[in-house]
Structure formats: C-alpha cells, structure tokens
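The letters A, B and C name the chains in turn, as written, and every chain counts its residues from 1.
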Amino acid sequence: MCGGAGKPEAKDIYRPEPATLARSEGLTAHERWFEVKLDSGRPLGHMPGQFVEISVPGIGEAPISVSSAPGRNGAFELVVRNVGNVTRALHGLPAGARIGVRGPFGTSFPVDGAMRGRDVLFICGGIGLVPVRSAIQYVLDHRPDYGAVTILFGTRSPSDRLFTDETAKWAGTRGVTYMETVDRGDAGWTGKVGVITTLMPDLKIDPARTVAVVCGPPIMYKFVIIELHKMKVADENIFVSLERNMKCGVGKCGHCQINGLYVCRKGPVFRYADVNDVREAV
Amino acid sequence: MIRKQVTRQALDAWVDGLIAAGRVVGAQKKGGRYAFDDLRRAADLCLDYDVTILPPKKYFLPPKEDILRFSDGRYESVSDAAPFTLLGVHPYDMAAIAQMDKLFAQDNRDEHYLARREQATVVVCDIERMSPNIFAASVGTATAADGCDALITRVGRAYVIESHTAKGERLLAGLAGAPDADAVTLARREQLWEDNARLMSRRELRVEPRRLPRLLEDAYDHPVWEEKASQCFACGSCNLVCPTCYCFDVQDDVEWDPSRGVRRRVWDGCMLTDFATVAGKHNFRKNRADRYRHRYYRKGKYVPEKIGDFSCVGCGRCVSACVARIADPVEVYNRIAEVQ
Amino acid sequence: MGKPRVAIFDFACCEGCQLQIVNLEEEILGLLQVIEPVEWREAMSDKSETCDIALIEGSITRAEDAERVKRIRARAGVVVALGACATMGGVNKLKNNFDLHDVKTCVYGEAADMPHLDTMPAMAVSEVIPVDFAVPGCPMSKTEFTCIVRCLALGKTPVIPTFPVCVECKRNENVCRYEYNEVCLGTVTRAGCGAKCPTAGGWCFGCRGLVDDPNVNAARDVMEQYGKTMADLDDRLALFNSKRE
C-alpha cells in the first residue's frame, strides 16, 4: 500500500477511482460521446471547464474535458476524439465497461463569477465546443442570471459539427444567438463557409457588458483575440481554455507547463489578461 | 543534539553496525566516478568523493517505479517504501532534497515520493573534494545542510558526527561510547565551513540568484538560447542528472494476461523532443531553443516563484554530463546578467 | 476476439531477431497466450495463406525478395518490421556505399556474375511495402518485442522512444563513454534498448537508427572537443546509418 504502514491509499493522488461507461454514442467519424458514472455513486463535483483523467486499464491515462454541466444527474459526459491510444481504446469499449477516473482538475469558466449578470459570447472551434458545452448548459440552466447569450461554432466541415440536435435547440432558444460556419462546405451545406473569425465582424455586442469564452485548436486563439480586440472586448473579459499535455493533472509531472504555469492547476481556463504576456500561451 | 568525535576506524565500525542493522546507501566508486549504492561494508563508503553521477533523488523518485497495479479494471497503489539510511550526502544535494520535499508536498501530496522520504534517515557529509564543475559556493549550498538528520564533517584525521533530529539521534546511538567533540576540533570545523562556503566553486555566478527571476523576464529573446541550442542533442542528460529536475512520464504495461499490469512512472526531461507533445501530435515546444530556455527558466524563475528557492544547487552535474558542453548554468546566467 | 494469427518471415539477415523470439524461452508460453503462430520457418513446418500480423526480419536485396515481400503484404493485416535490417536496411546497407559489381567481385570472385547472385542495393522493408510498426535494434530487444506484441494484442500503438540513448544511459547511472574519450553514438540514436551497450561497458553502435530529429551536425562539431575527427564519427555511423536513402 502506498504511504507505508497505516497510510490510507485513498490519499494517493495518482489512483483512479472506479467508474463505468454508462452509455455512448458516435457523434462524428472521429468523436464519440460517453456518459460516465462513478461506481461510488457520488457526483463528480466539477464546474464547467474542468477536466478529468480517464484511465483504460493496460492502455493508459488521458486528460479529457467534462462536457456536461454539473448537477444534471449523477453522471457526467465526455466527448472523446480518437487521437491516441487511450481515446482509441475508449471508442472501442462497450457500455458497462470499467474505466478509472481522477479529478475533476483545473480551473473552470467563471459561470458564478465574471460571467454572472453579463452578456456571454462563446467562441468554439471544433472540439473546443466540448468543454464550453458544459458552460453553455450551465448558463442555460440558470438563464435569469445572465444577459444575452451568443454562441459561435466553427468546424472544418459540416460532418465535423458536434451535438447538432442540441445546437439546433440553442439556435431556437429566445435570447440565444447561435451562429455556425465551416471551413469547407459540402454538397448539402447551405450555411456559412469560412473560418470562425468571419462570423465575428457582424456581431452586435456591447463590449462593456460582454464576457467572451474561447476554446479551439491552438492556431485559433490568436485570430479570435484580434477580432475581440477590434470589438473592444477587454482582456479581463476574455477567458480561454488552453489544451496542453496534462499528464498527471496534479501539478507535478511538468508536461503541461506554459512557461511557468502548470495548466492542470492554473488552467485550463485562464483569464486572457493573466496570460496575454505569457509567451507560450497563445 | 549529540556531537561526537571519532577516528575513521570508529566511524567505520559504526557504519558496519548500521549496515548490520538495516539498509544503508552511500557513495562508492563506479567506473572512475562515484555513485550512491547499497553499502555492503563500511570500507566501500567514500566520504571523500567529489560528486556522484546521479544525485540521491533516485532513492525518493526512482528512475522507474511502479505506482499502481491493476487487475480486472481496479487500481491499487503500490509502494516499496522501507526504512533506510542515506549516508554522506553533500550539502548541495541536501538543498535539492529540501526543495523536492516542498514540491512534492505542495498543493497535492505525492505519497509515493513522500513515503520514501519519510522512511529515510539522511546524513550529510561536508565536501572534502571539489568536483570539476562545482559552483555550490556561488549559490550558497556548499555548507548549509538544513533538513538533514545528522552531519558528518572530517576535521583533519577526526570526524565530527552530530545529530540534527530525533531520527539522527537514534542513528548515533551506536556512538554512545565515543567522546564528545572537543572545542578545538569544533572551532576547526567552523573554519572549514567558512572556507567551504567561500571556496567550493570552480566558477563564479556573477549574479545574485534572487535577482534572476527579474532578469529572466527580459531575457526571453536573448541570443544565448538559439546559440546554445544549436549544439543541443535534446538528449535530456542535463535534466536526468539534475538533483532538482523531477518531471516524469507515466506508462502502462500489461502482463501476458492483459487484464493485469502496472502503471509506471519514469524520469522524463523537458529537453526531450516530445516533452510537450499532446495526443493529436501538436508539439507545444517544438524548437530546441524553446526547450533549452525552458530549463533555465525553470531553475532560475519558475521554481523559485513556486517555492522561493533558486532551483540550481551548483552541483555541476549538468556541466559534466553534457557531451556538447553547452549546459553550464553559470555561463548562461552570467551571459543573461551581462547585457542587463 | 480470437488470438491474432501471426506469421514470421525472413529476408537478408542473420536471423538473429527470430532467434531472439526463440530465446524468449519460458516467455514463449506467455506469447502463445496472446498470439497464434501460423507460419514460422525457424520453429515450425506449417504454412498459412493469410495472417493477421506478419513479422518480417531482414532487408530486401533481390528483385525476387521485393516480389515476395509484396505478396506477404497482400495477405497480412498488419506488417511489423523486426530489427535493424528490416526497419532500416541494417548492416546490409554498407554495400550501398560501393559499386555493386565491385562488391560482388570482392565476395564471390569470378562467380560474381552468376544469375543467382544477382543483387540490388539493400532496402528496408518499408522502402518496398507499407510497414505498420517497427521494432528497431540489432538484434531487436526481447523486452521491447514482447511489449510490442502485447500492445498489438491490446490494439494499442506501441511507444517507441523519440529520445536518444543518453536518457536510458543516465537512468542506469552509467559513466558517459565520452568521459573515457570514446566516440559513442548514443547522443543521436533512438533509445528503447535500455542503453544495453554503454551499460555493458561499450559505446553505442547506433543499431536502432537515428532519433526523429537528430543533431548530427552537433555530433560532428563535438568530435573536435574530444580530440576526434569527423571521420571517426562517420566511420561509426556508417555501420547502421550509411546511405540510408
């Protein structure tokens, strides 16, 4: 047992707790949705934007964002892109399979802080929607606490769009502006074509009242932030969720560092004003 | 505090007693250099070594360790922590251990490291011989031995052995019959400390370590990073021999029955090509120069901002381990200080 | 899912990598828990039309070998190259440094022009057919091989280090060969062998090939610092890393 005689192994920060894949469903060719239940029955206790470390025995462990708002039911949801050993293994697991969970880890979108009482602008590229969905759901669950809600979603192609039923519902919700675009359309696509920043110049937002939440591929941040600056949104009111190699999740292993910042502890959600001069950030 | 004065013969007898009673590790000869290893007899113990190839961190954070075992989808923690005595650690390595203690206890307690650490009785010995690249005196780690359980200092032909903690006192129980250190010897020891604190440097850091975090803020685009990194093998040798480097990788390995296996952690290094690569293959620190700079920022800025200590203890191991001869913290930090 | 059906094939090589499999001894029983061998000249007489995994050792040096390896590719699900010869051409590529006719004459004298001695520049298996996984090394390491087999059985991509041998040498607390004033290729060679040669007291021969991003220029530059010449380095590199194209 870890910690020598008398030390409860529950203290081991690296030991995953047992959990079960309750349900899963393919979303796109590369992404799959999972509902996970901790065997203990306790809720995960996360806030939107946080991540968990998911273990598949024998394969390994990987950091994955929680995609559902807290408190919807006892379970939590993940969306996993098939990019490595752990994620590939997850894609192949049937409902009822045993996995391990550590977390939740990291910072969250300020749904109870800076975002409360403000207009909220969500800007998501590709699977950047996955962690942000948790915040969107939270905001919609507590609708009176927020002002106007705008959601921008950009993907490479129409078939890469995630949660199309849910985004359609957002689009039809009063007080929510939902806009989407694809880098390249296909035969059936009648919507907008262009990178996500092409949606931004047409936005009517009040920069003084707006908090922006940004998550997407590494290349996206720089360009989105330039547009936000043009719209006069201050760095204090921009929140970015940054992906890094959060291997241990507990601020030890060093892989996720952005300069001096351990993303697993100080992130993944950062107030942009806190990282705009951190050279490795965006 | 117990403070004894013994001959080498009496010291050896005491060490042999410790070996008979339990596991003792100490510096021994290895291929013309020195390495910490299990002691079989006191005669193998080198208290006059210059520097060991690897620092004693390997006893708390082993190069490879199983941290979890799993079978049928359930994980349990594993630890091989057991009592042992780490004999003859140089003050700079003790300073490094004290830093690691903070880092592994801070925020989230790493029970794997801390369990081993708690089981250890650490005996520091003052430096008798300078290694080719030491600069401990330049960073204030040539003598101070905070955190050790006992301290051995050779004064002429005598050894002063003194306990600093209750653990240390227990270790010194076997010396009960030895005389207490006399005033003359203790005075000579004071002098030796003064000399070591001044002289244990082959090279001089011309900038106060506490000024480095500020200096580095303006040195991000300094030419030294590209210049040095162009010769860098990205082999991680400087990371791996460093007493304050603690980054690790985690891997799973299964038995032939794939439902059973272990999760293992192994030493990693921020200089290695794929250290910051994520599953989608994007490498967030692709350039050698970025990785090279990261290491010096960790030692000089990031870790100091985390725990308050300059994270280079002046052992000079990286200088010796670098085949390309580009890993000299003194040279790099002096260059940074020059232009300011 | 049944056990993957595995066939083992050899081309131009010393068959030392296959021997490593035989040398697994009692571990072979473990191996047989996760795979079913269907063709293996060195250990069994059966032959098979198809297989899930083809393990191939040796380099391709004759036109008929190229045809044969293509046929193997066509009937195998996954192709794994075993050892230095298969993964990068190995020592066989030494001959690519010379005129082929001179090489043949040197070895076979007057018989050099006999049709069965017809040969072409040595190639790695991956230069002829797509290869899914590579087990580097001369010979390949038993530990790495068994680890890779277990990974494949689990559907996991094996992790082959992208860092140099120095990492494993340091983990083993070896004295650096450069401290003995020897030219060691560990600084540019892919790790994964556990730094076997330096740990046994020798220098690294580079049998696992170069890392993905080798700093060969730096390796040349440091020669001077150790009183060596670039020729010293190139001579050592030639054994496993000559004329790699």
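What we mean here is this: contacts are C-beta pairs under 8 Å (C-beta built on N, C-alpha and C of every residue); 3 or more make two chains touch, one makes a residue touch a chain.
Just so we're clear, the structure is a prediction, and the values are computed from it rather than from any experiment.
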In graph terms, nodes being chains and edges touches, is this line, ring, star, complete or other? complete
Between A-B and B-C, which chain pair is linked by the larger number of C-beta contacts? A-B
Centroid comparison with subunit A (C-alpha atoms), farthest chain: C
Quick one: report the Å distance separating subunit A from subunit C, using the average Cα coordinate of each chain. 43
In angstrom, rounded to a whole number, how far apart do the mean CA points of subunit A and subunit B lie? 39
Centroid spacing, where centroids are CA-atom means, of subunit B and subunit C in whole angstrom: 37
Subunit C touches at least 2 other chains through residues 154
Multi-partner residues of subunit A (at least 2 other chains): 58-60, 84
Where subunit B touches two or more other chains at once, by residue number: 251, 254, 258
Residue positions on subunit B within touch of subunit C in the complex are 30-33, 35, 53-54, 58, 63-64, 230-237, 240-241, 251, 253-258, 266-267, 269, 272-274, 288, 320-321, 323-325
Partner subunit B, residues of subunit C touching it in the complex: 27, 30-31, 33-34, 147, 150, 153-154, 159, 162-164, 166-167, 170-176, 178-180, 186-188, 211-213, 215, 218-219, 221-222, 225
Which part of subunit A faces subunit C closely enough to touch in the complex? 58-60, 84-85, 88-89, 92
Which subunit B residues qualify as touching subunit A in the complex? 67-68, 70, 72-79, 81, 103-104, 106-112, 114-115, 118-119, 220, 246-252, 254, 258-259, 261, 263, 265, 268, 270, 275-282, 284-285, 290, 294, 297-298, 301-302, 305-306
Of subunit A, residues touching subunit B in the complex: 1-4, 7, 9, 11-16, 18, 55, 57-62, 81, 83-84, 86-87, 98-100, 218, 243-245, 247-248, 250-255, 257-260, 265, 279-280
